[in-house]
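Read through the structures below before going on.
Across the two complexes that follow, subunit A remains constant while its partner is subunit B and subsequently subunit C.
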Partner chain A sequence: MSELLLEVKDLKIHFFTDEGVVKAVEGIDLKIERGKTVCLVGESGCGKSVTSLSFLQIIHAPGKIVSGEMVYYRQTPDGTTWEIDLAKLNPKGRKIREIRGAEISMIFQEPMTSLSPLYTVGNQIIEAIRLHSKATKDEARKQAIEMLHRVGIPNPDRLIDEYPFTLSGGMRQRVMIAMALSCNPTMLIADEPTTALDVTTQAEILDLIQELQQQYGMAVLFITHDLGIVAEVADDVAVMYLGKIVERGSVDDIFNAPKHPYTQALLHSIPKVAMKREDLEPIQGMVPSPFRRPNGCSFHPRCSKAMDICSQIVPAVTAIDDDHTVQCLLYEDVASRAEVERAQS
Partner chain B sequence: MWKYIARRSFYMIFTVWVISIITFVVIQLPPGDYVSKIMNQMLQAGGSSATPHLEEALRAQYGLDQPMYVQYLKWLGNVLQGNFGHSFTYLKDAKEIIWQRLPMSFVLAFGSLILVIVLSLPLGIYSAVNKYSIGDYFITFMAFVGLAVPSFLLALICLYLSYKYGGQALIGLFSPQYVDAPWTWAKFLDLLRHLWIPVIIVGLGSSVGGVGGTAIQLRVMRANLMDELRKPYVDTARAKGMPEGRLLWKYPVRHAMVPFFSNIGWALPSLISGEVLVAIVLNLPTSGPILLQALMDQDMYVAAGFILVYSILTVVGVFISDLLLAWIDPRIRLGRM
Partner chain C sequence: MSKQAMSQDKLQESVPLTMKDDSYLLEVNNLKMYFAITRGIMARLGGYTKAADDVNFFIRKGETLGLVGESGCGKTTVGRCIARAYEPTAGEILYRRADDTIVDLARLEGQILRQYRKDIRMIFQDPYSSLNPRMTVFEIVSEALKVNHMGTQSEMEDRVAYLLKRVGLRPEYMQRYPHAFSGGERQRVGVARALVTNPSLIICDEAVSALDVSIRAQILNLLEELQSDFDLTYLFISHDLSVIRHICDRVVVMYVGKIVEVASGLDLYMDPKHPYTEALMSAVPISNPRLRNKESRIRLSGEIADPSNPPSGCYFHPRCQYAKDICSQEAPPLRELPGNRFVACHFAEELDLRGATME
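Right after this comes the complex of A and B.
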């Protein structure tokens, strides 16, 4: 049995805008185990990026965590485990800063703008190292060169003094990874790290992240909308739709036995090589405006299996088996029937 | 880097040269010259001796009978040797007048510039970081008031207040006993005592050129920083675990300074031209009023001298701001923009 690293319980994140409250994340549960890769999948605007930002408490105003817990199981050097609720920490406080970068670090979608063009690559990595250790400038510089070497950058001792704008997108993302891993974190959040890169570079970066994950034994939370990437890297998958996790399970469950109509539709919408264009089934309709969230199950207007009650009842989390859950009325009866049977026997 | 400085220096000299031609031509554009002005005065005084012959003789004496390009070349040659020509009105060397007045203008403009930076930088940063807070609204409100009040009105109000509550109107830059005294420590202190009012007025007021005022620089800083605070590199730095204060100064503020500094380069000339009205109201011994008078009197060498020195200062100011930009932003330094 693997060890739990981060447990999210009923997390809600709302944006208080002038036009009204946007419920970007509406009560999600998520578990991340040590050393495992969890993929958070969903369309643009479903709240997956906001969720990842909330783990580090770096959500932009007017966004706020309104309720829920994010319990981080921190291992101390003497082998005991501390529980810290990240949701309760002050975003500007010292405690969350000790976790940011040192224990949970993050790489972003846009390698072109995620590094400041005003400072050298080395300056920005050395800064990350020295924020969390007592290393001198020279020691930190040596570590930084070592990290750049590990992420596969040629001539790291020369490149460390280059400015980011002289590097290609793929190189910059490698620098970001080097920076994120420089303090040996227990968890890496990768928010669409390959979306802005071309396809061959994407594959290289994915391989690199997986390789480093094995070396360092860290957990990875991978945010993506690309199911191809999910199939390649994930241990567990959480499918998000309009601020809710509609289905959660192992990568095998999700790809071989998807339960939620949204997951099924997502899988049908991936083009395959031996497929005719007409066979592709895009999901009908559009993602609704966050201001006008549909009643009941928020997916029902686009759902091909919608029933009348779907517009009235919000589905609860239904367990298909130990680590496969779904939020859909289609399965609620099945589960309750199973429960009744279990009670009878 | 040295190549960059050398190239810029060459452009600078070229620019000043072009400006000197344009100034010289523009100054002579209004009909008549200094001699026709004297003739008018003599006629008005009832003199009948204003014969065409005298006029010709005077023109020949002042060198005004020659074609414009000859006058220009002569003047330029003299200027290069440090001789700015003769003032018709004051019957003194134009150079003497310029060097007497210009340092005062410079002290005033420089003082105002420092005030602009010292006020607009922190207030702009505060406004952007705490956007839509009460403090931000207050600063914005005051900035618009500063923008809307003409500087000469501000000068009059200050004059009135200093007279009513300070006992004496703080006119000029020196107390009467120091005006013609040689430079001493006491005279310097006296200057500082008088300087703050015009510095505040020129710095806070909406100067004629527009970009000089604190209000505008403050709004520029606020807008720039609000843009920068949303950039992904800020998230990156925050995700590293950097303390907010250090993060703010190291990343977004430095980014936001780039447009701020390029504006400051232009602020210098607008501060100098914005000073004219204030200097007239407060009777300051700066160059603005003299230049205005020289232009009205067609005292061409004084006017041309002032404008030439102004334009050199402006070009040098822009050059300094460009060097600052290159220092702040490696993309400019390495020619990637």
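Right after this comes the complex of A and C.
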């Protein structure tokens, strides 16, 4: 049933700045299956946005994909699957331009700054459609109206000729979604799509994305720092801290059986609506500067369960079960010990 | 007669003001804030945006009052009126001074108003744009002391050092500029700046909305700690319902410039009486994947009303699933219900509304 769409292996993205090299992404592994929703969670500066930008090869200089693979399993109309390593593609080449915006498309956090103020809504959607298909202007316009209708915009045939500034935040985000989905992508990257919106609008947009996902069967990579949203939409969750995925698992595992101290701390630090007032347990300290990454496990200076060894050894990816992995020495020992025992017996 | 003397005169002439209850620190009565819409080069008046329209509420001494609503509902406007960054169009903002006398902040001007600026302080949303990058932390925090001639240089330094320590920053850093600090640390500077004049009321306008989850929890805990240590009263403005639930004793819900409901945190979240509150509660993401239940979410149709051209009757009626004929004709007043709560809905008693999902 589950069919792999994108597989990221040991991806590293570094930014070569004047002050030194910022290792924004330091070797992450990620699997995205067709039709599933994967959430990438983490605090600002953990590398979650850069990771998603790399799928489309739109990382700005001085950033560069240093190593790793991003295998995209592309399905051709005749049913065969091609493997394309997105990391190896030329950012300006034809191949990535075929994929970018058509098969993998993206919506951003601030709908006002990501829509051009100089063109009408229709212009911008039609541009995307005409770039990727052979539709004529009239056909593309019809498709654009149809798309706007699908994302729940009232009077799409009138609104298509409006400029973005006349729309509210929620409506703009709907336009962004219409544009992103106009070419029927197999994967949608949503980078904090509701952070700038009100709760009621946020709920509508989340519902809309999920509805469209069911209709079109696309995979969604959802990037957010809001654990409440993760609980609502995710199938799988990857928790990032300082360029590494510290824990990966199903949404149920992450919320009900979190393993990594960082995941546990994150869950304890969110105020909950239905809970009595009680003290939050914040994570001590703050995210270190990317230039001064701690030795060993990068979370150890803030970790409540840190051991002496944590500042010396970089933890490896340890499997808790089939689809739940964690990078923490607390579990590594247990697992390796168990393995040794298994070998002996 | 100079302006200053005149307002002093006015103050003495007026009958002593009273509040409805001795425990109130602030009482807002029929507050209106209208912004004129002008059109064309002649600045012809094209109507008013009623950002706050007949707002009534009170804040008890020592409590945290939450103010929630969607963007554009007027919650920031109300906060700014109380801080007197705006001059309200009409209404009273009664404030109880330390000596138990009551003044109407809405009518004060000039020098007289200035002394209350020490009592009512603000913390802003964005810790990046709310600190002047050309001033050191010491200059930022001590500015209010300087303009109010409160103390000598060394006294100010002591006070700033003490406050920086209280908010969890190292006093040695007071000569640094804001760029040297992270978002959470900057917000701490903002908190220290608000505290420096020993205020009684602090208006926190989305004070934690721009912060990361782990930092947000730190700042929320800090605010609670300072509240008990310094006897502070907070007006906490936010659109984040889980933050409001966590920190507030009572909550005011606004919709398009009007208050629709006031209740204690628990009552409001578990047993809302206004359909808009119910919709807000059902929109909050539930942080437990096992409780996903999309069918139960109330979907508001349409957009939030335009405050310069609001609908007739109850402003919420075009989006309300319980609306009846009367709702489009008559605006419901904010009235008191049993249990110390207020609601502006014709059918508050009859409706059986659902609260936030329990975990």
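Here is the rule we go by: the second predicted complex is superposed on the first by the 335 of 345 C-alpha atoms of A that agree within 3 Å, B and C clash if a C-alpha of one lies under 4 Å from a C-alpha of the other, contacts with A are read in each partner's own complex, and residues count from 1 in each chain.
Here is the rule we use: a residue touches a chain if its C-beta (ideal position, glycine included) is under 8 Å from a C-beta of that chain, and two chains touch if they have at least 3 such contacts.
Keep in mind the model is a prediction, meaning the values are calculated, not measured.
Enquirer: Looking at the overlay on subunit A, is there a clash between subunit B and subunit C, or do the two fit?
Expert: fit
Enquirer: Would you sort A:Gln214 into first (subunit B), second (subunit C), both or neither based on which partner it touches?
Expert: In the superposed model, A:Gln214 contacts neither subunit B nor subunit C.
Enquirer: Touch test for A:Asp198: subunit B only (first), subunit C only (second), both, or neither?
Expert: Only subunit C is touched by A:Asp198; subunit B is not.
Enquirer: Between the centres of subunit B and subunit C, viewed from subunit A's Cα centre, what angle do you get? Round it to the nearest 10 degrees, please.
Expert: 70
Enquirer: Mind working out whether A:Ile229 is in touch with subunit B, subunit C, both or neither, as first, second, both or neither?
Expert: Second partner only, subunit C.
Enquirer: Tell me the contact category for A:Thr76 with respect to subunit B and subunit C: first, second, both or neither.
Expert: In the superposition, A:Thr76 contacts neither subunit B nor subunit C.
Enquirer: Check the residue A:Leu56 against both partner chains and state whether it touches subunit B (first), subunit C (second), both, or neither.
Expert: In the superposition, A:Leu56 contacts subunit B only.
Enquirer: Between subunit B and subunit C, which makes contact with more of the residues in subunit A?
Expert: Ranking subunit B and subunit C by residues of subunit A touched puts C first.
Enquirer: On the overlay, how many Å separate the closest CA atoms of subunit B and subunit C?
Expert: 9
Enquirer: Identify the overlap between the subunit B-contacting and the subunit C-contacting residues of subunit A.
Expert: none
Enquirer: What part of subunit B is in contact with subunit A in the complex they form?
Expert: Contact set of subunit B toward subunit A: 230-233, 235-244, 250-251, 254-255, 328-331, 334, 336.
Enquirer: Using the touch definition from the top, list the residues of subunit A that touch subunit C in their complex.
Expert: Per the stated touch rule, the residues are 43-44, 168-171, 198-204, 206-207, 210, 225-229, 231-232, 234, 251-252, 255-256, 265-267, 269-275, 277, 279-283, 286-287.
Enquirer: Please name which positions on subunit A make contact with subunit B in the complex.
Expert: Against subunit B, subunit A makes touches at 53, 56, 58, 60, 92, 97-102, 105-106, 108-110, 113-119, 127-128, 131-132, 163, 165-166, 176, 179-180.
Enquirer: Within the complex, which stretch of subunit C touches subunit A?
Expert: On the subunit C side, the touching residues are 70-71, 182-185, 212-218, 220-221, 224, 239-243, 245-247, 265, 269, 279-290, 292, 294, 297, 299-300, 303-304, 356-359.
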